[in-house]
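Below are structures written as structure tokens.
Below are two complexes that have chain A in common, paired first with chain B and then with chain C.
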Partner chain A sequence: MLKNRLATVLIWLSAALICAVFVCLLADMLRNGLPRLSWSFLSQAPSDAGRAGGIAPIIVSTGLIVLVAVSAAAPLSLATAILLSEFSSPNSRFCQVIERSLEVLAGVPSIVFGLFGNAFFCIYLGLGFSILSGGLTLACMALPIMINTATVGLRSAPDDYRLCAAALGMSRGAALLHLLLPAAAPAIIAGLMLGIARAGAETAALIFTSGYVDRMPDTLMDSGRALSVHIYDLAMNVAGGDANAYASALVLVVLLLIINSLASSLTQHWLRNRIMTS
Partner chain B sequence: MTLSKRNILSLSLTDKRLARLLGGCALLAALVVVLILGFLLGESWPVLHHAPLTHFFTDASWHPTQHLYNVMPMLTATLLSSLGALLLAGPLGIASGLFMHYYAPPRLAGVYRRLIELLAGIPSVVYGFWGLVTLAPLVGRLHPPGVSLLTAILVLALMVLPTVALIADAALAAIPAAYLRGAAALGLSRWGMIAGVALPAARTGLVSGLLLATGRALGETMAVLMVAGNAVQQPHSLFDSVRTLTANIALEMAYAMGDHRAALFVSGLALMLLVLILVGMADVFQRKATYA
Partner chain C sequence: MTTNTSNTSHCADNGNPPEHAYTLGPLQVGPPCCDPEPLLRVDNLSLHYADKIALENISLAIYRGCITALIGPSGCGKTSFLSSLNRLTDMIPGCRVSGSIRFDGLDVRSPNLDVQHLRRDIGMIFQKPVPFPLSIRRNIELPLREHGMRSQAEINDRLQEVLRDVGLWDEVRERLETPAQALSGGQQQRLCIARALALQPKVLLMDEPCSALDPIASAVVEDLISRLQGRYTIVIVTHNLAQARRIANYAALFWMQERGGRLIEFGRCQQVFEAPAHRLTAAYVNGQRG
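This part shows the complex of A and B:
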């Protein structure tokens, strides 16, 4: 009986501890970041190594890097997801090899992606330190989560759809286009969102691929500093950059929270509909 | 596009073409891993082929300019910080899972799950920054300088906690309700039910969650880089400044040339192999769970 009580107390305590730390973290971000945050902070270029001024070029660079990553990863991951769920049985050798390799890819540390991106995109393909190399490196990182979410979404589309389409003599391609992809659209978009969030949160893979330059990028071949790299640089290399680092961190966290909660509300909404209709 | 076809038993020509196209894309996606391994091996080849591997463990110190590449201090720091983070985050994460399933009222459990998901979405650089400006001074009050192995362990634990908690949550949710009803019918206390039925039933899922969390901790760069102090030395206490393998790569890649650069790629390769082993183990455990 004593054990039972003790366990109850300990488990409630650990939950309370986690909540407290989290509230602490958020409150700290808000308290130190909000005063610096203003329209001019978002619309000005940084000056004095980032101690003063804003983060406008950095937001643009971040957006471009994420855009490159998503536009490279999305078609590839959608195609892979369709192949895995519609055109091969889950037990086939090919399917298993692909799934295993994606599992491994999901576990690769981000700094290793950075090394690879530097060796492959920057040097081997000759793209140099540029938004393009950074974005492509992040595309490799975001592949597993995007493929996984889309595959799960497609696989959970009801088999009735496939049977009906076959009975009507529709080709597989038509069934996909008209029935299965629309049915799985929320899951596919949620996967996209999660990929964006993964790309936006990344730092280590970007330092040696997209670089440090904090000017406004003109083309995709320019080096651009991502928001996360900006936070790192202000915190570690710039004395007195803490205030702006706080504000940038707040911007990044808020952006990622919005994207993540969009993704999770999409999947939840979709699940509820699924349960009601089936 | 043709909407219909005559023979429904075999794929039509357009479908065959589509399947081939998709197969090509999937192969490309699967090749990324091979490409990564290939480039890591290729870049580290200069050091690997003219020096034996023992070089990395027996050299006097890590002084790349003098061609001394002893990675032991960094390897120790990586392993110690991950182990410490796991010892902290493991019990707390599993406790969170138990809290969501057996202790909290449903509404509170939902809010708590949301909170953990939010925690999982915060980028590592923000954890590192927060650790540097908030946690490090606190640890520094205990024992200066503050940026130390202990701070790294605390920040890492906070980072991998959501991974453990969410996987524990999923593993506990997958326990058949009949088990729990059986336990309740036997009149077990709540803790008796958890220790005797729930935890053993969810064991495989929990272990694979812990393995994945270890992989994340080993591979984490930014958070550790910002709070560990980055002095290359064998740690003698929790308050010593350390440098992990990942931090070493991040710090030295900017100016590394020739053999030095290759040595950094070797440490990247070692990290990747470590993580591969962990992922493989987690996979085996999960497989056992599905066939049990």
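This part shows the complex of A and C:
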């Protein structure tokens, strides 16, 4: 029984350790960032290389970059997931090649994506350093994880639904739309969230693609500085920018949390409504 | 095997069940199908899964308006047989069917047949009830809409009609908008039957519809099935021999042989149970091992 005791203690210890890391991180961020946080910080443009002023244009740029990334990646990944899970068998050569490439893609360091994005979107397609290039590069990065979660979600939708819908003479498309996608919705949304989180927290890939410019963007073709790039810049390149870096980090974390909880509560609400109403 | 044993006319085509349909002794009177007219005709059907043969040279006829019971030990291919009738085997990768299946003059296996239409005509009920994760109303409405029924009034009429048919109307009329998955198992199975009936199929394939239910729910479903006799052509797989005896007009015994499932005996229910022609049938219906 000593073994059991020991295992319990170890498990508790590791859990406590993880919590401690999280609490330390949060406390550090709150202690250093909270004093700086104010309405004017959120609504003003940065000045003096970010040491003073706020982060309004940077929040807008971040939002636009993430928006571009999600609107490019979500339909693509959903379509791929549907193709993989519904219209090809998991053992087929085709599936295996795609899945293997996705695995490789998921493991590629973000700096490589940055270089690729720079070469392809900025230079080859002539989009230059722009929010569009940055968003599209992030879309490429987020694709593997979004495709994987959506595929797993769809595959784990009960086979009975497929069979039963077919036995009722429903087309595969109808079964997909009315039964399988809703059943997989939580997984698909979770994948979307992971994708957004990855996009929102990305620095390296954006430095080469959407650039450093901290002005308010007018169009998607303008260069825009993302929050994470801003934090990196303040912390690394600007002496005396630490306080604002902490405050920006806090904003980033809170934004991600808000998006996350909003999305999950919206899905829940939608799923519940779907049962009730026609 | 298709000789007409009953000379008293019990044609059950008026929509009402014949009087003896669910008393325990209809077999003495003979089943109520007077002029057996094949609705489905299966000839030399063989079915393979990948490299494994599941059914070999099955030939039998399913008669219009009658209940045909498929019996036989586990794994002898009854479910496979049912799924080949409505081409559900198309959904299984590696499954090949050969032979001929004719449904009302139609070649079921023809590649340019409208499968969705076929499955509308040949409904199927599964062993485990599969209500969709939708409201009770939506469960019935969804397939109807998929088959092009637009008017809400028409849908409501159909909904009420089929729910009454399966005896569920009084139980669920107050909660049509609640999730179907909150129903009890027996209610779910009856909902699934109602959902299939809503499409007004000609044939209903039932794969052990009572085996996941307790005896009372199972009796309710069984009553329902015998009430459907005459209005629909029913093929039912069951491991419950007493049940097969009670409700079926025809019985077919499948058996697993070295190479695959085979049809051992097919005939009037009474004859199969009381005067079986094959040694294995006699042993099986008497509960001995073959």
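Here is the rule we use: the second predicted complex is superposed on the first by the 234 of 278 C-alpha atoms of A that agree within 3 Å, B and C clash if a C-alpha of one lies under 4 Å from a C-alpha of the other, contacts with A are read in each partner's own complex, and residues count from 1 in each chain.
The working rule: a residue touches a chain if its C-beta (ideal position, glycine included) is under 8 Å from a C-beta of that chain, and two chains touch if they have at least 3 such contacts.
In this text, all values refer to a predicted model and were calculated from it rather than measured experimentally.
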Go through the superposed model and pick first if A:170 touches only chain B, second if only chain C, both, or neither. both
Touching A:18, do we find chain B (first), chain C (second), both, or neither? first
Classify the contacts of A:162 with the two partner chains as first (chain B alone), second (chain C alone), both, or neither. second
Counting touched residues of chain A, say whether chain B or chain C comes out ahead. B
Have a look at where A:71 lands relative to chain B and chain C in the superposition and call it first, second, both or neither. neither
Who does A:47 touch here: chain B (first), chain C (second), both, or neither? neither
Determine, under the contact definition given at the top, whether A:268 touches first (chain B), second (chain C), both, or neither. neither
Which partner chains sit in contact with A:140 here, chain B, chain C, both or neither? Use first/second/both/neither. first
Residues on chain A lying within both footprints (that of chain B and that of chain C): 166-171, 174
Chain C-touching residues of chain A, taken from the complex the two chains share: 89, 158, 160-171, 174, 178-179, 182-183, 274-278
Using the touch rule from the top, collect the residues of chain C that touch chain A in their complex. 86, 88, 91, 93, 115-120, 123-124, 126, 128, 130, 132-135, 137-138, 141-143, 146-147, 177-179, 192, 195-196, 199
Complex contacts: residues of chain B adjacent to chain A: 1-6, 8, 11-12, 14-15, 18-19, 21-23, 25-30, 32-36, 39-40, 42-43, 91-92, 95-96, 98-99, 103-104, 112, 115-119, 121-126, 128-130, 132-134, 158, 161, 189-192, 194, 212, 215, 218-222, 225-226, 246, 249-250, 253-254, 264-265, 268, 271-272, 275-276, 278-279, 283
Mind pulling up the chain A residues that touch chain B in the complex? 1, 3-4, 7-8, 10-12, 14-15, 17-19, 21-22, 24-25, 28-29, 75-77, 79-80, 82-84, 87, 94, 97-98, 100-116, 118-120, 124, 140, 143, 147, 166-174, 177, 197, 200-204, 207-208, 228-229, 231-232, 235-236, 242, 245-246, 249, 252-253, 256-257, 260-261, 264
